[in-house]
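Paired with subunit B in one complex and with subunit C in the other, subunit A is shared by the two complexes that follow.
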Partner chain A sequence: MTNTLVILTRDLTKSYGSVAAVRGLNLSVEPNRITAFLGQNGAGKSTTIKMLLGMIQPSCGEGTVLGKRITDAEENCEMRRKVAYVAENKPLYSYMTVEQTVGFASSFYSDWRTDVASKLLNEYKLPRERKVKSLSKGMRTKLALLLAFARRPELLILDEPSEGLDPVGIEHLLQMLVTQAAEGVSIFFSSHQIAEVERVADHVCILDDGRLLMNASLDHLRQSYRRIDLVFSIPAPEWEFRMTGVEKIRTNGYEMSVFASMNADAVVERARDLNVVSVEVAPVGLRDVFLETVKEN
Partner chain B sequence: MLWYKAWLETRSRFLTCLAVLTAFCVLFIHHAQGFLRPEWKTDFYRLLFIAQEYVVIVWILSVVLLGMGGLVREKATGMSSLTLSLPVSRAHLLGVRIAVGILEAISLGVVPWVTIFLVSYAGGMPVLLRQVAFYAFLLVAGGLVYFAMAVLVSSLVEGEYTAPAVAFGLVFLAAILFDAWLRRFNLWRLVTGDYYVDKKTFLLLGHFPWLGTLTSLSVAGLMLLASVKVIQEREF
Partner chain C sequence: MFFKLTPTTGQPLYLQLMQQIRHATETGALQDGDQLPGIRTLAEELVVSPNTVAKAYSELEHDGILELRQGSGAFVTVKRRTRSLTDHVQVARRRLRDLIERLRVEGLLDEEIKRAFEAELLYPAEIVTER
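Moving on, here comes the complex of A and B:
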């Protein structure tokens, strides 16, 4: 168990010519938790992960993973001994068989668990002698996940891990994530599947257009974010609700919908002061938080 | 296990090339008498010189093929993330690939000439071991620059088919340019032994061309170092 931040970046930026893929990212990921990295396509999630693993160099800024500098090739190599990574496209060597792939991967890591690998091979029903190129997309995804789960790394980084999996496979994946986290593995994973994130994540980072828009615990989101639907007897006075914590206001005649990240009670109180006809306060799911945050940006 | 990976990656290319080269040598020598002309006085050694020219063509094409691959090709086929996530430096990754490639290139140079030696011996036309060693060593030591060029091209050029196309293009271009304007430094003539065999006896003339061979090896070494640098700096 480690207590320092497993991922820390400061003003991390990556530009391709005049296009900035990641802009001044200040990310901090706590140990021993499941942190979800959310964002639309092209938001910069994969670019960030590639920078963290030393596959691409930042244009500016700096970062550490497990205390090792990402821009230092030697430290980065050392860090990769303790990090398991499954890339978005689930890369595997097409010319190897399943057994050869497992044998190859196991030779690099002292934290490899042969018993877990054998168990997962059976559970996933992966044909040991078959070449990777003849596996289905789902099987390839399972094999790529097996290579990560058969280890006991300090940090597990997954880029869109559920892509290509059927519902049973997704269920198994989520269980594995929870199990790994319970064993003390810090998990950082990107996903588009908000329902899955909501089930397993402790912490959520939302990235949009290369910028980090949110870095909060899921418990905090559940407790603080509210949607307040109001109906007035007069045209809804939007300007009266511009206060701290109010992220977005939508009005439609006498009706108004307030999206608040905090201070929901103050919003309700203000509405009552204005003789509101009807008040309805509802908790907000991660999906709504994500959509509102991204739309706002 | 990186050695094993490099072997699995190149195995089919290597074995195919080895089979083609060996089969060519067996057939060439087996039917040797059919190629001989009455005016040739040094029949069999002239034939070996001709064999070397054909072996060189196939060998160069083979080592260029073996030089293809690695991280940049893996990037094009979406496999590079797995390799780069291994706790191994990029220089180490490329170093192992180069070492396996060189061993395969040596095999492709030595096996055909050992085959020629054995088939000749079995056919009652024994050849000097020194002459066989001369051709094989010249081929490998002088020709490794083609392999190094292929590795460099495969480190620079992306695309599964673009890199081989560029590498083969460079081989042909170099052959034409050097033969037209820099004949004295023509690598082809070094590797085939054209400058170093007596055109009457077709046996090695004087000393082994160490200077040309070492120069070629040095250029190959520089190209391989440049490849390592390119791969270290490259983004995936």
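Moving on, here comes the complex of A and C:
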């Protein structure tokens, strides 16, 4: 295992006419980790992923995936052999049956694992003889995931993999991600399922309006992010709390709520110096971190 | 062993796992020589990143509570010292019970006591020592 970043971009930008979908993105993704890529609809996640895979050309900036330059056709080809990708819209040939699709895909990859493919066909209960066009949305997703999981890639890139899956399907997907990670596959996936991301991911990147707002480990988020609710005997002295780590302050008369990305202890100390009446410190879940970060932007 | 990791408690998952394993050795649920599942098996069971389990195991090995043997998994190594920790916990619990009782007598509601405890626990240890 090398420690080279699996994904690295510098000032990566994509504009459609006067609209910038991705703006000066500096993204770095470490190997042997599960990294989640969060953002609202239209934040630029899929555009970023497509640029990484060489499916669309950046307007400017550059990047490497597994050390290969994304804008170099030859290097891109080498990279694609080591990357498994599941697209957002799960494109499959609708006239093929499930079995034909699996057979067709297997012929392209030297790293294909027949045992994993048949195991997943059974676990997903996919009807082998049924044509793709008559599969439900969830089944299409499962088939697309199967095609990625049945390989032995170095990097797995999944764009909204849980879309259309029921809770059982999502649980199975997460277990597959864990299994892949345990086999040494680096994983980069976009998702709206914050509760699931929070369980399984090591690292989280938050994209909003084409810009990267956060690239942090979940351990760090859990340890550092706090909401501190304070009550004073005087009108809440908001100006006293403009310090490092304080991301947002809301006041309401004598009450004040501080959202801190670090230094919660310093906030509490300051409050005590100001003879605070009540202090409550609470951890902040990924959902709140996401919402506050995106709102702030 | 049953482990339960809560993603939203403001504590890294590997620390939660470490504490639960440590606690199990203190209560005797895990005994000297017991084998824990491999990193991959436990990660799949808990549906957490394998790095979470790997980090917890390696920290516990560093603390002398686990012994990791290449290819055959993780084994519990409980020394006498940890046994006496069990007694410490028992004593601490009695003291806490007394304290809570006193606070109740002084008129504090359970909810207020709970909030006060939680606030103090989230307070970093080094500042407590400074005070």
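As a convention for this text, the second predicted complex is superposed on the first by the 297 of 297 C-alpha atoms of A that agree within 3 Å, B and C clash if a C-alpha of one lies under 4 Å from a C-alpha of the other, contacts with A are read in each partner's own complex, and residues count from 1 in each chain.
What we mean here is this: a contact is a pair of C-beta atoms (placed from the backbone, for glycine too) under 8 Å apart; a residue touches a chain by one contact, two chains touch by 3 or more.
Being a predicted model, the structure only gives us computed values, none of them experimental.
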{"item": "Combined model on subunit A: subunit C and subunit B, fit or clash", "value": "fit"}
{"item": "Touched partner set for A:201, first subunit B, second subunit C, both or neither", "value": "second"}
{"item": "Subunit B versus subunit C as contact partner of A:222, first or second or both or neither", "value": "second"}
{"item": "Subunit B versus subunit C as contact partner of A:258, first or second or both or neither", "value": "neither"}
{"item": "Contacts of A:269 with subunit B and subunit C, given as first, second, both or neither", "value": "second"}
{"item": "Contacts of A:230 with subunit B and subunit C, given as first, second, both or neither", "value": "neither"}
{"item": "Contacts of A:249 with subunit B and subunit C, given as first, second, both or neither", "value": "neither"}
{"item": "Following superposition on chain A: angle at subunit A, subunit B versus subunit C, Cα, nearest 10°", "value": "150"}
{"item": "Touched partner set for A:43, first subunit B, second subunit C, both or neither", "value": "neither"}
{"item": "Shortest CA-CA distance in Å separating subunit B from subunit C in the superposed model", "value": "26"}
{"item": "Residues of subunit A contacting subunit B in one complex and subunit C in the other", "value": "none"}
{"item": "Subunit A to subunit B touching residues, read off their complex", "value": "50, 53-57, 73-74, 77-78, 80-81, 83, 85, 87, 89, 91-96, 100, 103-104, 107-109, 144"}
{"item": "Contact set on subunit C toward subunit A in their complex", "value": "5, 7-14, 39-40, 43-44, 47-52, 115, 118-119, 122-124, 127"}
{"item": "Residues of subunit B defined as touching subunit A within the complex", "value": "1, 4-5, 8-9, 11, 74, 77-82, 84-90, 232, 235-236"}
{"item": "Touch list for subunit A against partner subunit C, complex", "value": "32-34, 171, 174-175, 178-179, 181-182, 195, 198-202, 218-219, 222-223, 225-226, 264-265, 268-269, 279-286"}
